[in-house]
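For reference, the structure is listed below as structure tokens.
Going by the order they are written in, the chains are A, B, C, D, E and F; count residues from 1 in each one.
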Amino acid sequence: MPARRITVTVIHKERTVDKPPHRKLADGLQCPVPLNDIPQILLSHGGGGRLMHQLIDTLFAAAFGTQATQHDGAVLPVNEGELAFTTDSYVVHPLFFPGGDIGRLAVWGTVNDLAMCGAVPQSLSAGFILEEGLSMETLWQVVQSMQQAAEIAGVRIATGDTKVVERGKGDGMFINTAGVGRVIAPQPVSPRRVRPGDAILLNGDVGRHGMALVQVREGLRFESAIESDCAPLNGMVRELIEGGIDLHCLRDLTRGGLATALVEIAKTSSLSFALEETKIGVTDAVRGACELLGFDPLYVANEGRCVAFVPEKQAESALQIMRRHETGRNAACIGTVEMEARGRVTLHNAFGTTRLLDMLSGDQLPRIC
Amino acid sequence: MPARRITVTVIHKERTVDKPPHRKLADGLQCPVPLNDIPQILLSHGGGGRLMHQLIDTLFAAAFGTQATQHDGAVLPVNEGELAFTTDSYVVHPLFFPGGDIGRLAVWGTVNDLAMCGAVPQSLSAGFILEEGLSMETLWQVVQSMQQAAEIAGVRIATGDTKVVERGKGDGMFINTAGVGRVIAPQPVSPRRVRPGDAILLNGDVGRHGMALVQVREGLRFESAIESDCAPLNGMVRELIEGGIDLHCLRDLTRGGLATALVEIAKTSSLSFALEETKIGVTDAVRGACELLGFDPLYVANEGRCVAFVPEKQAESALQIMRRHETGRNAACIGTVEMEARGRVTLHNAFGTTRLLDMLSGDQLPRIC
Amino acid sequence: MKFLDEFRDPEAARRLADALHKTVTRPWRIMEVCGGQTHSIVKHGIDQLLPESITLVHGPGCPVCVTPVELIDRAIDIAQQPGVILCSFGDMMRVPGSDRDLLSVKAAGGDVRMVYSPMDAVQLAEEKSERQVVFFAVGFETTAPANAMAVHQAKLRGLTNFSMLVSQVLVPPAVESILQSEQHRINGFLLAGHVCTVMGFTEYEPIAERYRVPLVVTGFEPVDILHGLYLCVRQLESGRAEVENQYTRSVTRTGNRPAQELIQKVFHVVPRAWRGIGEIPASGLSLTPEYEAFDAERRFGVTPASVEQNGDCISGRILLGLDKPTDCPAFGARCTPEKPLGATMVSTEGACSAYYRYRHS
Amino acid sequence: MKFLDEFRDPEAARRLADALHKTVTRPWRIMEVCGGQTHSIVKHGIDQLLPESITLVHGPGCPVCVTPVELIDRAIDIAQQPGVILCSFGDMMRVPGSDRDLLSVKAAGGDVRMVYSPMDAVQLAEEKSERQVVFFAVGFETTAPANAMAVHQAKLRGLTNFSMLVSQVLVPPAVESILQSEQHRINGFLLAGHVCTVMGFTEYEPIAERYRVPLVVTGFEPVDILHGLYLCVRQLESGRAEVENQYTRSVTRTGNRPAQELIQKVFHVVPRAWRGIGEIPASGLSLTPEYEAFDAERRFGVTPASVEQNGDCISGRILLGLDKPTDCPAFGARCTPEKPLGATMVSTEGACSAYYRYRHS
Amino acid sequence: MCLAIPGKIESIEQGEALTRKGRIDFGGIVKEAWLSYVPEAKVGDYVIVHAGFAISRVDEREAHRALKYLDEMDRLDSPPPEPEEE
Amino acid sequence: MCLAIPGKIESIEQGEALTRKGRIDFGGIVKEAWLSYVPEAKVGDYVIVHAGFAISRVDEREAHRALKYLDEMDRLDSPPPEPEEE
């Protein structure tokens, strides 16, 4: 379902806003803030007064429950052990895109970072920075989507915060989530535990999230059925751990894509990786879009993909566990860790030749000439 | 030290940016990103590539250490018990203001929310949303200030995230912090534990933070020596708890000021409070500024003030503990909890008359006519 | 703060309250004309200090409240036009027009800015020569000197991108209009000290005489108000009906001459509609031909349809001193500061707002 | 993808590589003119498949690389002017001028936008009639039809707010200029298939004859390039020196007539400076008098001072095939894609960048 | 209506009568105001400021007279203060 | 230089020769391109697109000839493919 954009015509300032697609949400709740009263976010909604409290007590509480919205913070019971703690801000544009929305990203992105620590994600915080003028309906759709995403991933949104910035000082909505989770991996999951001989597993094709966004970007727009791969990975990771897989290292592939993630790990671990290009899945549509713009899919963002470094002898059983999950259906072993300690990532291709992977300077820019 | 603003002249877009005042920071470190190479934040700094990694590995790591910057998340040891978890985003403008900066607010604000849960703040996350074009020097000053603030408060910035948004879609810099801390209060600290007869304690004069910002706001600017009251409250709270004070409820007074915080607690606890207006401190300068603009200081924001609800018989010893702290030097008992269960806050004034406190609709707007 | 704190002295207030108790023998209904005084009375609970037989009613003295919806709609229209910066005092930002307020126009992308002084708008016009800057000039006589100077300076500086949407109203005709109403039961008035600071109080002398009503020029602090009430009650009890001046530290009989001169140069008196009350002859100010080039209504030629006042709202009766906010069935229920039905609820100086804020729970 | 995947077939590549190994008897130095081919060679490791006696050198065929610093500075100047929207292909955004690149201008508040086609800039000019839209038209012959159409359409649509900063360069004069250099040791050329798609290859026939050098019009996929090399080596081994066409699926001898016609209407041939190389006669395009109203240099009259190339950078020698990136002492040390000293490092199609990206570690 | 508060003139920026401005101290904060309408006001005087303009000079004698009257008010028979001159 | 890739014409928006546009399918994604310079191209044809313009129609016969030649290449003595017509 492609995201739609509408142009606001009332006011002279040029601007497009994100209109949520009419997605059916699980609970089908109506927006609890009467839309004809206050159809848009005002600065007053962040002013600490009655309007802010109304927003919190109705809209946020309707989605996340009153526990998450009433106090200075949440209080959670913890057992002796290790706690994973992470944060990410989400600044995606448009807010709704094929295959997802900022709310899902914000929940699953942080869930995934916790999973990458070998943890079971438990509670999330949600910090909203809303731009004055944001439609209340949009906010409601996003908040509902977050709650739904949290339910799917089995986490609770435990505490939150809302700020409103003046129009022209934000971009509709930014969301920060932080998350805590109980570490269940018996050994540390860390680049430092990567060992020569480890198999490098990847849970699916790459480049979908980034290209799903590019296709709706001003100036580069094209039509396609590309949908973001965004998905929670915690279920799959948990089963890997519970299945006895000794996860040496995990890393979700977000900004910078597969290549950047592997280069990072190679540098941190001071080990070299040899990858098989033909094992790395890229859908036809993602490849077509990359060809058109001169992008390399290995550097394109993902939101439901990770690499797992496991002992070679566990590679097969790990793949079997991964493939039981929707998000790991096309899991593959894409390479191995070499003896060489130079922190290099080499890609072996079908021609029998090689190239090195490195980080790009910044975002990929479309090439034309 | 008043914040200064300079106007960028290079480019045609109208805009002022925040220039950090030349404050001497404890460690006097030089900005590790060579400023003449890349003097401003580019979109590429958020692109997941080499520039982003350089920014993290140099600037952020120099302030927060490499542990906070290298992984998907932090892993912290925890003991059996209760964990407080909170978040806030900081969108203050200007970034540097008399008495503080966005970095201090971001650290101490979240430290304070954890303290308000009866917890000892331990680890913070820091999520940055940077606007393209932000000066690298400004970022460095803020990041250093955060680290300094964290040291003062005795917490660690354990994990972080950086995003860059296009110019015109942010406001220099937004910071989200989330925090975790160990709950040490033996009983829950919550509005639900407020009891008739409780003394309501306030740790100092009100309205300074809000008026420190107003005085540098476009269109309302005035000269004064008003400085934000921003300060970490965790030390004071910890001593109250360790001093055996049964803290029924704590609340830091941020947006909406003293009045809003008390109204919130009254409504949640369904109890009524009687306050003595003459016990509530307001400095002359804050009062002068409020008179000029038609503001009520009881509704003006603070960043180093809290109310504590304690059993009447512990009020005096609690005040003594509070007064030992710089931030509680002017602590006072400003009122009591009444038997009446109507959730009202009544202010008794020097004339022997009363008025009710309620929430305002949104921000206070300057009154002129 | 000097000249403020002294007039908030509880001891002085107590003495005045005692004096009032001792002086009063009959029920008196006294209107404070000014919204600032209404606010002060309700905030400080001054009415709680009065003998029961004194009833305070609240007058039309909030210029924000009495600005007609049509004019607010016009300001909103202008604020939505490309290239315009609409400047306004903070007070006006939340006052609802017929379907929105200026804050929502701003939220939707209009360039609406709050200023502290009309001169800030003039300066903005100088800085942004490519934009049209419109100042929404709401006010009574107190604000007229500032507004007059803004227009005058704009002319001196040759600004072609500054204009003013004028909603200037005058107090004496309103007081007289209340006194002409058959329903009114008002025995005395506290006059607005700052209006008289500018205009003096000679205009009220014929009113005192014609309607046999005491009028006391009064300041804004609790002690001032109690003092004004005391002077008013003393007149009432002794059968006098004069203009008396409580606020001598700021007001003289003839007012501020230099200010009056510029006002007369820039503005002339016109009939004006008051929200909730209707048209009152000679009760408003409009730009003189010399300055009409700065009239926003000329420049933007918006002709809004006439808009009905919300049927349930009795703010007109409140402004005339016929009812109190608590007499309104909508008060605090369907009408709150977040969703006001009438302007007396939304302006901080409106009587309904003051009651809601300080009395409602 | 059809017509791409077939030409990436490893089996076909292996056969061609085998054929090359069997054919070659002596060392040959072959230049691929085009940056796209350089990129493809390094990315796919095609050079790793070749006999050791074949040396590939990389030509001047990256229009971004050869755009003079002065022109980039001019684009940066224009982008900083009030009201201007500067549009450019993504490739140009990170190329450093003498003290900054377009991305930093954007970060500092300039309105710099990336477009996919010059027609997007024309459309933007239509939508934003109050702004000046300038398109930075960098390209070889391949891009000329698109740029010509943009100017032509702007004229047809009567746009007065669209202009083009033209940096169009031509390949045949550059090839000839390399062959004229005394130092060159190049035995054969792969010609850029897409340039020839537009222009055909008749212009190269006199060059082949005059300099006795084989020139093979070649496509961009690994199999294309190996095939082009095979054809080139076959000529060399057999002593022939002809223009040969490997890329027959897209290129005909005479090229795209309708495109050539519009190019000739909109542009005329002028001398042009090439970054790192210097001026080459008749090697650039400029707008004809009929379209000169759309020339951004006329509209913005910026006259930048001449800027020296960075002293350490040998990109000029690289562009002429005299050196390889790894011959540069700055490569990978003081010169990286984040802090490039020369344009061959910053453009994704620059030879230094390709080596850094796929070979450096 | 018409929020106006007293402040003390700290300094005066000299200029034509109509455009004279001063820095006014309001209990510790300082803001600029136009003095166009109080040509008689000098540094040290208190003025009442509204919307950026001084609209009157505080008559300190009158203020003290009023305060003195209030001080002595327990003698209820005392007359209210009258302005000394009209 | 000059990134250009082959795509299949899905549909053509009729108009004057010079402003004719079509929707081009590139392996599953569709983008509009100007067909001004390929007046002979029709729906189903492959064109090479650069910067929003089709710069040539893919000569499918030539493509197949080339591929066939590569297929048979093991016979090294076979001659390279020549364009059928000049």
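We take it that contacts are C-beta pairs under 8 Å (C-beta built on N, C-alpha and C of every residue); 3 or more make two chains touch, one makes a residue touch a chain.
This structure is a prediction, so every number in the text was calculated from the model and none was measured.
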| item | value |
| --- | --- |
| Touching both chain B and chain D (chains) | A |
| Contact-linked chain groups that survive once chain E is dropped from view | one piece |
| More contacts between chains, A-F or A-D | A-D |
| Most widely separated chain from chain D, with each centre as the mean of CA atoms | E |
| Distance-maximising chain from chain F - centres being C-alpha averages | E |
| Distance between the centres, which are taken as Cα means, of chain F and chain C, whole angstrom | 76 |
| Distance from chain E to chain B - Cα centre to Cα centre, in angstrom | 38 |
| Computed distance of Cα centres, chain B from chain A, in Å | 29 |
| Chain D-chain F separation of Cα centroids, rounded to whole Å | 21 |
| Residues of chain E whose C-beta touches two or more other chains | 1-3, 5, 26-27, 50-51 |
| Residues of chain D whose C-beta touches two or more other chains | 1, 4, 62-63, 89, 116, 120, 139-140, 142-143, 337-338, 349 |
| Chain B: positions in contact with at least two other chains | 42-44, 50-51, 284, 287-288, 291, 294, 358, 360-362, 367-369 |
| All touching chain pairs, where touch follows the definition stated at the start | A-B, A-C, A-D, A-F, B-C, B-D, B-E, C-E, D-F |
| Residue ranges of chain A touching chain D (in the complex, touch as defined) | 219-220, 284, 287-288, 291, 293-294, 342-344, 349-356, 358, 360-362, 365-369 |
| Residues of chain E touching chain B in the complex | 1-3, 5, 23, 26-31, 49-51 |
| Sites on chain B touched by chain E in the complex | 215, 222-226, 283-285, 287-289, 291-292, 294, 367-369 |
| Residues of chain D touching chain B in the complex | 80-83, 103-111, 337-339 |
| Contact set on chain E toward chain C in their complex | 1-6, 8, 18-19, 26-27, 34, 36-39, 46, 48, 50-53, 55-56, 58-60, 62-63, 65-67, 70-71, 73-74, 76, 80-81, 83, 86 |
